[in-house]
Every structure is written in C-alpha cells, then in structure tokens.
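Note that the chains take the letters A, B, C, D, E and F in the order they are written out, and that residue 1 is the start of every chain.
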C-alpha cells in the first residue's frame, strides 16, 4: 500500500496558489503532496545575445534550485559550493524546453521570461511540479503583458504540465513520492501539452531495464492521468 | 505619510508561521509587511573542523539568500554567478553571530545547527526579519533535541530579534520598507535579546552622517519598539 | 535525400578502433559517420565516499567533453570558462547511468571505472556514440581486471549501445547527422542493451510535439535498427 | 596592564608614510602599533556601468586583503582559494562606504578611485587603519586631479578616520590589539569625519552583550579619542 | 640502454597526420614515440580587445590540455576542477609565444588563430610535440586563408618546432620519454625556427644544477638534432 | 642611455631589509631599483599529501602576486577575478623550483616552508627580485628552525639568486627595468646558485629570435654580473 492509502494510479493532492509573491510578474506556489515549489516569472525587456543577432522573437528560460532545507539531510547551498550540480542544470534545461514548447516565441516580442522554480520542500516529483507550476507563473506574466498592451496576440499555444511514473516492485505507480522514487526500477518523467501531445519523455532504467510493452504502458497511463494535473491549471485561469 | 498610513514609530504587521516546511528540524515563515523570509534550521551531528579541535561545544551558522524573483528587477541567481555577493556574506555573518549570542554553545553538544534564511519576497528589513524568524526556526530545532533527549539542559539563553530604523528626510522612522530604505540618510540595524541587551548595532551614514544625539535617539527608540517584535516570538512558544 | 544518399532508416558507417590509446585500462576510438569520439576507461582502486559507506560494490562514472575544435565554430574550452556546461553534465550523467545498467556493480569489487568520452569531431549523435564506444572501453578494462585475477566473475550483464532518431520535415530519420539534428522537430536518444531491453529513452519536442503514434514509431524502429550498432561491438569481442 | 604599558584609553603609536609607492596616484603606508597596511589609490577614467546610466558623478570603491604572511598562522591566499572570504568582503564594503561619505561624488567627475588596502602585518584594528590610511591615499589622488586641472573644486568634504574600542574583562579599552580583540566581550568599530559626525558604528557582542549605558560609553570615548587619529592625517596635509 | 634501443642522441619516431579532423581550419595529429597530440587551428574573425584598440594586426593563441586518460594514473579533468593548472597555463603560454614568433602578425589581418593542443596519450615531450604539431595545424589554416583570398602575402616567416633534452645519470639524452624525464637531473625544452634561430630556451635543474659547459652542450646538440623534426614538417608542405 | 645613466652591464641599486614583517618566520623587503617585493616565509608543520605518502623530507613552495596598485594602470585583483593568471602561476612555479634547488629537502624534516612574494611596486625584474628576496626570507626561517633545535643540520646547500638580461635594440642590457623590458627583442631570466651553477635559464624571443652566439653572450654576462646580487644576500647573513 502506498503512503496515505493511495491507489497505484492515484495522484497526490495538488494545490496551486497563484500570485503567491508579488515583486515579480507572475508567480505560483504549487503544493503537490508534500512537495512545495515556488515558481516565479520575471519579464526582462531583452533577449540573449545569440537570439538578438537572429532578429525577432523572444525567449523563455528556467532556473531550478533545491533550497538547502528542502531535503533531509540538508543539501549544501549551490551558491556556497560555487557551482550548480549536474542534476540542477539537467532539470532546469528540461523545464525551459518544456515551457518554450507551449509558446509561440515570435509572438512574445524581443523579451525574455525567466521562470524560477525554487523547491521549498522536496518529496519526489519536483521537476514535473516545477513544469506544472512554472507554466502558471509564466501564463500570469504573459497575461500581464497582454493587459498592458505590450503583446497583442496571445503567444501561449497550449497548457504544459508534467507527471512522473515508475515501476516499483513490478507495479506501475503514478506520481511517485520520494520513498517510492528511491526504490523504483524504472523512472519516467513525461511532459505533455493540453492537446494531448508529448513534449518530453524521459525514461531511465538505471536500477533495471524495461521492455517495449512496459514502456507502452507508461505512455498510455501518463496520457490519461495527466488530465488530472491540467485540471488544477484550468481552475486558475477559468476564474 | 508612510505607506499604509503608518506612524513614524509604528511597525508593519508581522506574522510568523512555525513549521512551515517539515523535512528540516525547525522552520518558520516570517511575513513582515511585504517581506517574506523562509527560515529553516537543520541539525548536523558534527561541528566545523576548527571547533572539533577545540574539544567541546556546538556551533550555529546561518546562510542567507535572496531568491531571484524576490526583488524587482529580478536578481541574478548566485549559484549561477558562481559566487555569493559581499552583501549576502555580510548579512549571513550577522545572522549567525546574532543567533549564537542567544545560545550557550557548550550546552548544545558537538553538533551544528544550520539556519537557512531564504527571502521569498523582499520589501526592506530582510536581515532583521531573518534574525527574528531564524531564531524561531532554531528554537524549534533545539526543542526537538530536548524532546528527543539528546540535550538535557536548554541551551537557549534568551530570545533574539532585530529591528531596522533610519532617518528619512530628517525624521526618525521605525521599520523601514524598501522605498524608505532606499532614500534614508542614515540606516541602522539593531539586534537585541529579550533581556533588553544589545547584540549588534550597525549604523551607516553613507548618504549622510549622524550626530551623537541622533544616534542616541535611534538606540532609545529601538530598545522600546523591539518589544513588539519579541511578542510575536513569544506567541509561538507560549502555546 | 540525406547526405551521402542515405535512406531514412540507414545508419552511417561505424568503425570502432579498440586500444587506440594505451596508458589507460581500455580504450576505443569510435568513428560514427564524421563523428569521432575517443573513449577511455581508467580503473581506480577506490569508490566514491558515499558508496564506501554503504559497504560493498563498485562504481562506474563517465565524463564527456567536446574538444574545442570538434565543432564549427570552435567551442570555448570548459576548463578555461571554469565550469562545465549544463549540456556536458546532462550528457555525462546519461552515459554513466547507461553503462552502469550493463554491469553488476557488486561483482566489480570496491573500485571505480572512469569512462572518458572526448569528442574529437562532432557531427551529430555524440552522446550515443559515447555510450557505444564507452561500453567498448569499459568492457576492455573489465577484461583486464578478469585477466589479472582481480575479478573472478564477469560483472558485465549485457552490451549497451545507443541510437538517435528524429522527425525531420515529418519523416522519421534514423541516426541524425548534425545538419539533420539542427532542423529536427522531434529528437530522440535511445539506449538499449543487447537483450532488447530499454535503458534510457529521451524524447524532446522543443521545436514541435509528438503524438503517441509517432513515439511508438520511434521506439519500434529504434529497437530494430540498434541491432546494427551492436554488431560493431560484437566484432571486437568475438575476435 | 596592556602590552607596552598602555593605559586603557591610550592609542598605539601611529605613523603614516605618504607616497610609499609611486606607480599609483596616491599611497600611504600606515603603521598603527604593529599593524601595517599599504593603502593605494588608483584613478580610473570611467565609472561602473550602473552609475554611468545615472549620468553624472564619480565613484570611490575599496578592496581589502590580508597578505598571507600578515597573520600567524599564515592565511591561505584568496586568489588561490578562488574566492574572497565574507570577512574580506564585509571589510572592503565598510571602507568604501566610509570614504565615499567624505567626498562629494558629483564634484569628482565621471571617474572611479580604487583604494586598495593590503595588510602587510596584522595586529588588530586593520579595518580602521585601512579607513584612516585609505583616506590619505585617496586625498593624495584627489590632490593630483586638482593639480592637473581635471577637477576644479575640491570634492573632499572632510577627513575620515576610524577607531576600534571594546570591553575586555569589563573594562573599556581603546584601540584593541590582536590579543585584546580576541578576548573582547564586545567589539566596536567607529568611523567618523573630522567635523565630529559619525559615518559608521558597528558594535558586536558575540561573546557577550552590552547595555545601553555601556554603548553610550563607547560612543563618547570614541568621539573624543579619534581626535588623536585625525592629528596624524592633518600632519601630512598641513606640510 | 634507452627504451627501444635508442642511442643517446636519437629521436623517437615522429609521424604527423595532417587534416586529422575537419570541422576546424587546419589540424594535425602528431605521434612522437608514444606521445600523441591532436593539434587543431580555428580561425576567428576578430582579435582580443586589447589588440583591437592598437589597430592593425592579428593574433595567435594556444590552448593545451592533457586528456584525463592520457596519463597513468588518470589526471582529473580540469573543467571538472574548475580551473586550469599552473602547468597547463605555463605550457600553453609557451606554445602561443612560439607560434607567434614564426608569423608576421601584421600580415595576418585582424583575426585570431586559436591552436588547440590536446594530448591524447602522454609519454614525455608533450609541449615540444604541441609546438611542432601546432605549427602544422596553424600553417594549414593560414594556407586556407591564402587560398580563399583573405590574405595576400604569406605571413609565415619560418617553420617552428621544438625538442626536449636532458641529463640523465650524467649523460646527455635527446628527446626524453616519460621514464627518462622523471629521473632527469636537468631538463631542457628548446624551440627553434627553421633558420636555425632560437625562439625559446627553458632549462631547469630542480633535481640538480648545470654548469655553463653542460648548458653549451645542450644548446649545440639541440640545434643539430632539431633538423630531424623540421624534416617531418617539410614532408607535409612539400607535397 | 639608460634611465639614471646606467651602463649596459650595470645593475640597479639593490637593498634588502630583513625581518621587515614579524608575524611570519622570516621576511625580507627587497628594493631593486623601483621594484619592491615583500618576501615572507611561513613554516607549516606538515607536507603536501603526495609527499606525505612518499615518507621523509620537506617541501618549499612559493606564491607570487602583483598588488593591484603595483602597476600602472592598476591590475585587477586576482582574488576578485576568482583565478590566478597564467603569468602568476608560471612565476610562482619558477620561484618554488629555484628555492628548492638550494635546499636539501631531506634535511628539512616533514614540514613545508611557504614563501610569499608580493610585489608592492613593479618596475621590471619582479620574478628575479622574488627569487633573490625569497631566498633571504627562507634562509631566515630555516635559521629559526635551527636555533629552536627543530633541525640539526643546515639544509641550505647554497644561496640562490636571479638576474634578468635582454637585447634591446641590438644591445645586451643587464637588469632590465620595465621600460626596457617592454621593448626587448629577447628577454632572459637566469637563476643561479652561489657556487656558479645554473638552476633555471629561461630565454624568450617573442619579438625576435636569437642566435647561439647571442645566447652564449647572455649566459656569460649573467654568470659574471649575478655576483653583485649575491653580495647583497651575503651582507645580511655575515652580520
């Protein structure tokens, strides 16, 4: 039995608090089970140098960090180590790619949206929570651009969200918490858009391997269950 | 008139949420006006090498960080720059010294308490909010050590809290917000304990200078008004 | 038509030169089309600290680098920048996970095999070439351990190799070269073992998205075509 | 009794050698008891980017360093560690703020004066010696600007100097040497201008705390005794 | 007797493979005994900032690196350490100076040639192999500039090559391999041009010292034997 | 005519002040013309890890730095850049090798002598001034070890000193100052011991090249003129 009596295909409770902080241009605190990620979008009225040379269009980039006390035992602060870990860089590249896939960058204008995802408490699934909450922060920042007249046509193509799944002891579990993740044979992170299309699929079998059939199972369940994640995003923007 | 119609000697609203995150050993979210700092204490069962050589006693150290989106415009992430700024290091040294002044380190045993103060939203006074909230996180972690029997005698000597004051346009203002702080002639951060003793006094007159009389005024008002800060700490531990 | 008149499901020429360099414990130069990667395995008779604490078993870790002149324009040297890029760290983590999945680490004994993959010339597919050539270097180093009597039972469970695929202009292409990769809508890197099981699946749709059907197509073709990659590995060890 | 038979309110011998080095625009070697600091001012005909955007006015900034052999035991060189310590950054920020408080930056013109304070030998009070000697180096560099006709009106408002004080064993001591500083209960660094106004007050009670009365005593004595420090500066510029 | 039965004044076998890699503008793999260095020249159509200010002329700069597995035991990767070693920097400065001495930089035009020397396998003499192979890569890049019409007059003044020599057990040996180098009393690296002039002479007697006579012997033998190195360069360009 | 009317083979005035600073174990301020270097030796009662493994014997290592204001224009501080330059590392490696060549490390015992050479004012020849002054600081530290009975037999084999020479406009000049050095065609740094043996010879012809005859001239003059440098060292130790 899973923690809290969850069924194998049952997600943890998700709660998204929009506008949790207000100095930036859009923000959301996402609580996904015991995982808490503060997502914040800041608009900068310029683009990276390499993009500037190319001419038109904007950019969306993400940064991810585990606050030291978000994990047990405490993680050393990366600014004090003087470098970001490979895991951090890998995750923030995934978040950035995922969010860009939901936006027509040409319609964004020559500006950058920075999406900061800082994990306040970590209990598994921080990267998909970051994608999901990061989308909300970004969407709010884009809405601000639209309201202020800086953008005329909405550049957001579709919602973007993520979900993790894995095989633990031969059973396919949806939405792994930390205790499950650390004993999973196969671990998979999926990012999709709200049209049912896949943006990122990352399946890893370090502790085991997986067959084509098992992988097909993951994909099918992911596509179905991620609908529940999108619902929480829709709740915010339908208000 | 100050923002929100505050009087010159009136503090902003303070709210301290204990146990805001739970992977660490003690935590508090402190909301001080629009400033929000997440303070978290983690116990490590060893001490720094230099202290280990000296024999007995424990250690308390603090780390401070502005989350990128806590300020407007966004601040670059220090882990991505590869180094902590002078301001960050100066503040976390102040927090560490202040908290150690409230604890008998010999009674703590050979362990370290790490106090992380991460600013979620910055609107002035982040260092005194960090001292005040950091004390709560540390106190909760010490209580956990006592409950578990690892410590017999309470090592906490007194509560510790901070308050900022400054002269703006010739007027002494208590608890500066960001807009006030950025135009202050003289800026002062005070850390005291709950016995009415001073732990740190830092007065800076970069934009102006101050006379002995003006400084005496700051000290007298600080000693009186900081009582209101201690009240919020007492509320938590009297429950 | 693809460069060199390749068919959509045709791999480029692969050539693996074992023992290309000899100061280390196993090496292979892999030439995969115009991509050239020097893979070298070095045995160190100790394990990382965290593993040492856990007791038994060995470790395999990989490092990846693009030599500056392997790309056009030249890439800045990471040692001169003072940090490895996110891309580098992401790729070397993938290589390490992939190679570990082919080995029973408990049979390796308390030692580490470092697998260095240095790209001499880059023309797409460097990460799967690194996995494929890195396996050969690692296998040769393990053979040396067996010959010297340091290991009794072969810890290698199966061969490990990789293959990249992608959709370019709506067509599924196997083994993308750089010009194809840079215009692919969907890009996928697959790592499998020689038993037909999947170790890693990474599909990215930054420029586009992909449907479940398209992804199923990728998986099916990958599983078939990777057989041609394993053949080149088998050639070496059947001698 | 203090080292050298000093009375509790007696300063150590101070000697300031102007123009000690001559490649820069102004310099002074300050010997304050056994503490020796080489202070050097270099004029750069541009200002930091953030100031350039604001339009007019110049900038004064300071850097501080302990030479490795200035302390016993030797301190590791910060350039070899790859980062400056928090203590270094805290001190150089203090020196910079203090010197700027003595200058009308608008009269300086669009240029920066760099003030380097390198401690050749450390025996307590290095930060106040740096402020005091740094002022002389800066003043000499400003004089050079005036002589050359680059500045018409003297931008120096007043002299700036510093003094340290502390309570050791219950007694208020002026100008602590290293052996006193390391056992002080309360430690205070004061920076004033030659008009009798305060620029910085930093009081720290890590080992103890201090009452309002004790602090008032520090302030009163500081204001009186710092006159003796200004005398040494006046000697140089009255010649 | 030396390894491979070499006489004291006999060089190891040298083989230079031009155009070994093809994304850059000129390359050469130099195999010098068991030492293998991949040298690659990349043209960048700009010059360093300090040179740009001076007006005309180009620049040639070199970078050097030991691949981790080129040595036994493995060397830690410098990009992972976050800094280049003193040895690396010292060698790449030598290579750069040496190559610049063979070129009239004014005739090169406002461009930079980067010469990367990456040691694939190290067995002594890597720095002189890098100079020798680096010259070939640079010469090929210059030829490309001439063929494309970007340069009219050949800027190459003369060939440049290097040779190491040393006293081992009192005997003067030419072209030390690693085992000889590590027990040499005196170690000397010579760079000359093909006109018989010296560009760099570096003699080190850390383990011993050397007399004027011994040094004269080194210089005389170097000047004679380096002719054999130039022969391999001439073979390439006479084709 | 040279600055100050010096003849081509005439050295600048040298002055060595022993014991200039006193927290370390030996020190010397060397003033060589307008070049001023503070050399300081600190004894550490342990050796580097790699040496510890080898068993007996001590170590001598040097660090070199240009203080920012020692040059005109000011040099950026390396601790603030976060890395030491190639020039710095190259010079400190030379100083360390040179000093070790004058000492029997086995007689030093398992300890390290750190020799810090900090250039207060730079006017050419800083590296040979550092070797020469660094020897004095080291010798004083060794004397302290002998006086305290920690070492029985003097490990110093001979004095060590350096001298720079170069061809400027076709003329061989001894002891180049900065203005001469910056226009020299060929530049040579020589380190010798007081027995007339060579320790290091570094000749560089970046701006020109040099013939065997010219180099022979340099060596002969260096060997003669360095006697004048040793005299200043002898003056100190004959007292």
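Here are a few things to note about the model shown:
Throughout what follows, a contact is a pair of C-beta atoms (placed from the backbone, for glycine too) under 8 Å apart; a residue touches a chain by one contact, two chains touch by 3 or more.
All values reported here derive from a predicted model rather than from experimental measurement.
Chains making contact with subunit C as well as with subunit F: E.
Under the touch definition stated at the top, subunit A and subunit E share these contacting partners: C.
Two copies of one chain, subunit A and subunit B, form a contact in which over half of the residue numbers belong to both partners. The interface of E-F is repeated, with over half of its contact pairs matching by residue number, by B-D among A-B, D-F or B-D. Work out the mean CA point of subunit C and of subunit E, and you get 32 Å between them.
The centroid of the Cα atoms in subunit B and the matching centroid in subunit E are 58 Å apart. Between subunit B and subunit F the centroid-to-centroid distance comes to 50 Å (mean Cα coordinates, whole Å). One inter-chain figure worth recording: subunit A and subunit C are separated by 27 Å, centre to centre, where each centre is the mean of the chain's CA atoms. Contact with two or more other chains is made by residues 82-84 of subunit B. The touch graph of these protein chains is a ring, one cycle where each chain has exactly two neighbours.
Here the chains link up into one ring; start at subunit A, go to subunit C, and the full order comes out as A, C, E, F, D, B. Residues of subunit C touching subunit E in their complex: 21-24, 27, 34, 36, 38, 40-42, 44, 63, 65, 67-74, 77-84, 88, 114, 116, 118, 120-123. Residue ranges on subunit C touching subunit A, taken from their complex, read 83-87, 89-90, 92-93, 97, 100-101, 193, 195-206, 209-212, 215-216, 219-220, 223.
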